[in-house]
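Heads up, the thing below is written out as structure tokens.
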Amino acid sequence: MVSQTSAKFEESLKERPKKRPDKNRKLSWLLLAPVLAFFALLNVLPTLWMLGLSFYDYTLTSYKAPTFTGLTNYSDFVKNEQLSASVSRTFIFLILAVIAQTLLGILIGVFFWKNDKMPGRRLALTLFFTPMVVTPIATALFWKLMLDPTFGVVNYMLTSLGFSRTDFLTSSTLAFPTLIVVDTWMWTPFMALMTLAALGSVPKAELEAAAIDRLPIWRQITSVIWPHAKFILMLGILLRSIDAFKTMDLTYIMTNGGPGDTTELIALSLYRFAFKSFKLGYSSAVSVFLLFIAIALTAIYLYILNAKKKAEQTE
Amino acid sequence: MTNSSLEIRELSKSYGSKPILSKLSFAIPSDDFAVICGKPGNGKSVLVRLIMGLEEADSGKVLVRGEDVTNSEPGSRNIGYIPQTFALVPHFSVQKNIEYPLELLNASKEEKAEAVERVAELLKITDLLAKKPEQLSGGQKQRVAIARGLAKPTDVYLLDDPLVGLDFKLRERLIDDLRVSQEKLGVTFLYVTSDSLEALQLAKTVLVLANGTIVQQGPLADVYDNPTNISTLDTLGFPEANLISGEVKNSVFESSTFSIKTNIKGYSGPAVAGIRPESVLLGKSPDAVVLKAQVTLMENLGSEIVSYLKVPGTMLKLVVSRTDNEAIKALNSNELSIFMKLPSIKIFNKQSGQWVGNGVSLV
Amino acid sequence: MKADDVFAANPELDIEPFSSLVKNTYQVYPDGSGIRWGFPQMPDTQGVFLRKDMLEDPKEQAAFKQKTGKDLPSTYEVLSNIEFDDLVEIIEFFHRPAKGMYGTALMYSKEYDFFSCAYYPFAYSTGGKIWDPETNNVYGILNSPENEKAMEQFVGLKKYQPANFAAFGIGDMIDLFTQGKAFSAWQWLAVGKFMSSDKVPADKVISIPLPKWKGNLIGAMGGQPWVINAFNDDDHMRVAVDVLKWWYTKETQDKFIKENGGLPWSAEGAANPEYLEVAHYVKPFLYMLEEGRSQDFWHLPEYAEMLAVQQAAFNGYATGQVKTAKEALEYAAAKQQQILYKAGRTETPPPDNVDSLKI
Amino acid sequence: MSRSLNFKPSNDRATKITLTFACWTTAILFFLPIAWIIATALKPKNTVLDIPPKVLFVPTLQNLIDALSFSNTLSYFINSIIYSSIAVLLAILVSFLAAYSFSRFKPAGTDFLMFLLLSTRFVPAAAFVIPFFQLFNILKLKDSFLGLIIFYTMFSIPFSVWILKGFIDGVSTKFDETGLVYGAKRPHIMFKLVLPQVRSGLVAAFVFNIIFVWNEFLFNFQLGGLKTYGIPVGLFTSITKGGQVDWSFVASIGTLYVLPLALVIYFFQRYLLVGLTFGTVRGEV
């Protein structure tokens, strides 16, 4: 039944079939075009602009034209111990706040997850989630009011219970921990949400099996839950870390970096350089530095994510 | 071969350095029900994708109705397609799903209604038309998918293992429906499967796909009875054929189980003897290979029983009917004797897999 | 753009101010050049708001007399010439934290210029300077022993204030005072209208100029001018000038001062007896606006940066993060000197250890 | 080992009651500050700073009415709704195209581009404001809805692409191929076959981004103007009246602010979860 092969056909087989014009490749870039255009205009351009500015002495309030000063802005930044202190303070804030939010978030997330049929669960979760969606301008202001030694409801309750009045936001020892507490209030719901998501990604069958086998709780966590849940949890920690690194609203409104500079985080310093002093070159250098930190954090996360993908592929 | 509905010429495809298909060729005349049967991993789905135009071949040609479509878009090939996974659009009703290929052809309302009525009746799903795919059972979904494929008004249809994963009963019913449909419509079906039972039940013409190429093609009975390649014997048939390794020397096949004279000419070297389970018979017979056997396992298949027999040097499968009480009794006895008629023993070249001859007499 | 150009085209806008303070604070740049850029909008000076009802309470008067042997002053005439020490004595007398009444409130907030402006009168009035406008030098001038003493005195008043005094800004003091929780508040006079509430109505409040330090008094200037953006197109420019014309009409000023609690600042407005009667804080305002009675700080483009530095340091001293006033002043002076040196405003470099200075 | 010590939804009655109590207590504790804001909004203005705090009071809507009628508040609300909804919808449209391309065609550098997109969200906002300010001045986009919509579209693109790619990856390519074979054109496949199957992803991307854009302050403040300011700017610029914080106003805006968001969370809870995990989890919260 094999067809008769003419000489012409033999000939035609020797050459590779003509490639169909690769429509898909063209189409794929066409579909990406709008996003890439937005991206180039509103991200690449400003980033390059920022990078460029960081090598200039450019202050809006001076009449001097921008002058190229190479790495001076960076060396100024590194030399300035006030700023280095601000950066390390930011890291301390980030670590403490994210740890607190993660632990508390996991705990609460597990509670809600275990109790998946509780009455009014949807409403309870809605109430629980509100702190992270209301603008920090309003919540930070109200925290300031609630913590006020004279008019604040928190101090009122403390004194009613026999404690002494506490000035949470103007004490150089208490202000920083107080901000961490408020930040934790604001973002624990987020970590709880990520915990719910992470637990939701664990196959039900494996959990059932673990429960039937009566595995000890730590074994359930290490061998059943963690392998599935870790990536979403890591994502949550990454997003929180980066946001914590950028924290500005809270400090700006509640303490303005004070008392003194005990709550001055780097984003607030940056804001000051850019919008109070209009030192564009200098603030750009600081921004580039922050950008590198953010990208490093993201890259670490994606590295882990890719390691996961590879592991799955080899399975 | 211009009157063939579908013709493949020396099609090759490899992924990286791994060859999947190599110089695969076949042609299917119109109105045929052709089944491509191949074991899993033999490149069936790649072949389907190449025929449909979802992927590009490295070399070779695809001709539909005599026309070279190697470089044309999938949508312009005018082939009815029934995918392996149902791929029923979840947000369309059954009716809309079935109409879908016609919708894309800008068919009129009447044409669509007519086509839906026709295929729905054919596949007995008229009462499902208003439902959404998620409301259907697996078998119903499959019928709808088939109906959708058939709704496209064309004369060549490609069915990509459409019954895989369905339960036995449903398969039986759908197999019937498919055969009836093909005959009623008077069109060409190319049916791709890894299930040899399906192939046996459906095919008018069967094509055996092995090692990335079609090793044998022909009318079902012909191919079944006269496998020209060991892959055919291995792929087509249920239960699988008994294979006994040995050596051919001076037209004599020698193995640790038996030695026979054959009609082999011009070959000597390693060889394999293939005997279908139904050619292994109970009892004794002159002019046949007779062996003493011991039953190790009996597998109840419903209408048939497969017994696994220990014979000198190897194991053999044997099939008896459930209603054959005498045979069952015999199988349960300690002293068992079996025989194989000489012509039913087929000898293949071990290296190339090519058929070299049959048994003719005892040594 | 230059206000002088606008005045040239619209002479009716060139209104004579009540004192040169208005001109120097809101209009002229650089200092002493006479070139005008701004238009006076809402000049502001500092004063002290007191609870008149408490001062006038016969029982309090008797108790005060008994405690100190002095009469408790309650009239503007006496209070407007009060010495700092005497005012503190009165504040101490009314400081009753157990009853939820604090003696006073001042601004120590890190926000904007709050601490600085509240502190400056203490420094200015006791002979302190914050910089040398001739050489643009700060180091060695801001960190002087006078300023150190003044800051200790200023922050020393915390004992008559609520625990979170260090966060006090304009609003916090308004809340404290109008909720009836403070006897007095050192406040900008322009917010006088808001220094009363239904709990502490206006007739229970009296405002006075800042007290005197051995007869000397120089306050800080507040308020803000109008300025016109040079990048405006013609339409915007016309509208900007029209707004100014509207602002300076008699009707608008009447409405601003009589109905909205604004303050008069022009020679003509200050002479208007109607305005003087509108509210209790007009009198002290004009008093503080007299020649040489108040003083603004640096008129330099770098001011925001300089301000941020000293606000953090000064506020740090108020909260105890910085141990001594000397350290706070030393830090601010060095950093400001560095800022000015880098901007090319002075030849004198900052001290060598400037980069390693920390609050 | 107690039965409750395992990671599966609990069925034990005593455990359930304890958990319910714990969950509700937590929820209420976290909500208390928000509740305080709402209560303040409903309190008569002159009792806001009272100590001891007024817990029992006759609620009044006056503060809310005052807040809404103050200056441009209402138009700021409307502005917020206009630019946030248009920008997010536009972002979802272009993100869908890109996500489809990333998912189906995997063009060269897909991983890198996805990474770049995501990393842009991690740059401190203050760093970008000035370049944007200058760019917007050059393009004459300042204080225009067009400018804000363009900006917020970009702002919403990264997460939209990530979420939608996760979802499109979950739709079998069989649908695309079946469509192709039957002669469908690409746009048809994308919008008629695939798009309806990623509806959850679309909603998730919408919910997620609308919360972000609705809350964004700095850029609206710097790039917008009187015509286009949104409600966070409206709130920020009106916090103080005559030098003191107008608590009733802040509380009223805060309340008006939280209500739509709370409704969104209540009705789209599932999608919030889905959005936060870039579509990797599609289950119920």
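Labels A, B, C and D are assigned to the chains in the order they are written; within every chain, residues are numbered from 1.
Rule of thumb we're sticking to: a residue touches a chain if its C-beta (ideal position, glycine included) is under 8 Å from a C-beta of that chain, and two chains touch if they have at least 3 such contacts.
Given the structure is predicted, the values throughout are model-derived calculations rather than measurements.
Chain centres here are means of the Cα atoms, and by that rule the chain farthest away from chain D is B.
Ranked by C-beta contact pairs, the top interface belongs to chains A-D. Per-chain CA centroids place chain C at a distance of 42 Å from chain D. A straight line joining the Cα centres of chain A and chain B is 56 Å long.
With centres defined as mean CA coordinates, chain C is found 42 Å away from chain A.
Residues of chain D in contact with at least two other chains: 49, 51, 245. Of all residues in chain A, those that touch two or more other chains are 150-151. Looking at chain B, one finds that residues 73 touch two or more other chains.
Every residue of chain B that touches chain D in the complex is listed here, in rising order: 52-54, 73-77, 79, 81, 83, 85, 87, 89-91, 100-101, 104-105, 152. The part of chain D that touches chain C in the complex is made up of residues 46, 49, 51, 240-245.
Every residue of chain D that touches chain B in the complex is listed here, in rising order: 172, 174-175, 177-185, 188, 193, 196-197. Per the touch definition, chain A reaches chain D in the complex via residues 24-25, 27-29, 31-32, 34-36, 38-39, 41-43, 45-47, 49-50, 53, 108, 110-131, 133-135, 137-139, 141-143, 145-146, 150-151, 153, 156, 160, 185, 188-190, 193-194, 196-202, 204, 207-208, 210-211, 214-217, 220-221, 224-225, 231-232, 235-236, 242, 245-246, 248-249, 267, 270-271, 274-275, 280, 283-284, 286-288, 290-291, 294-295, 297-299, 302, 306. Remark: chain C residues 100, 170-172, 174-175, 178-179, 188, 191, 193-194, 197-199, 261 touch chain D in the complex.
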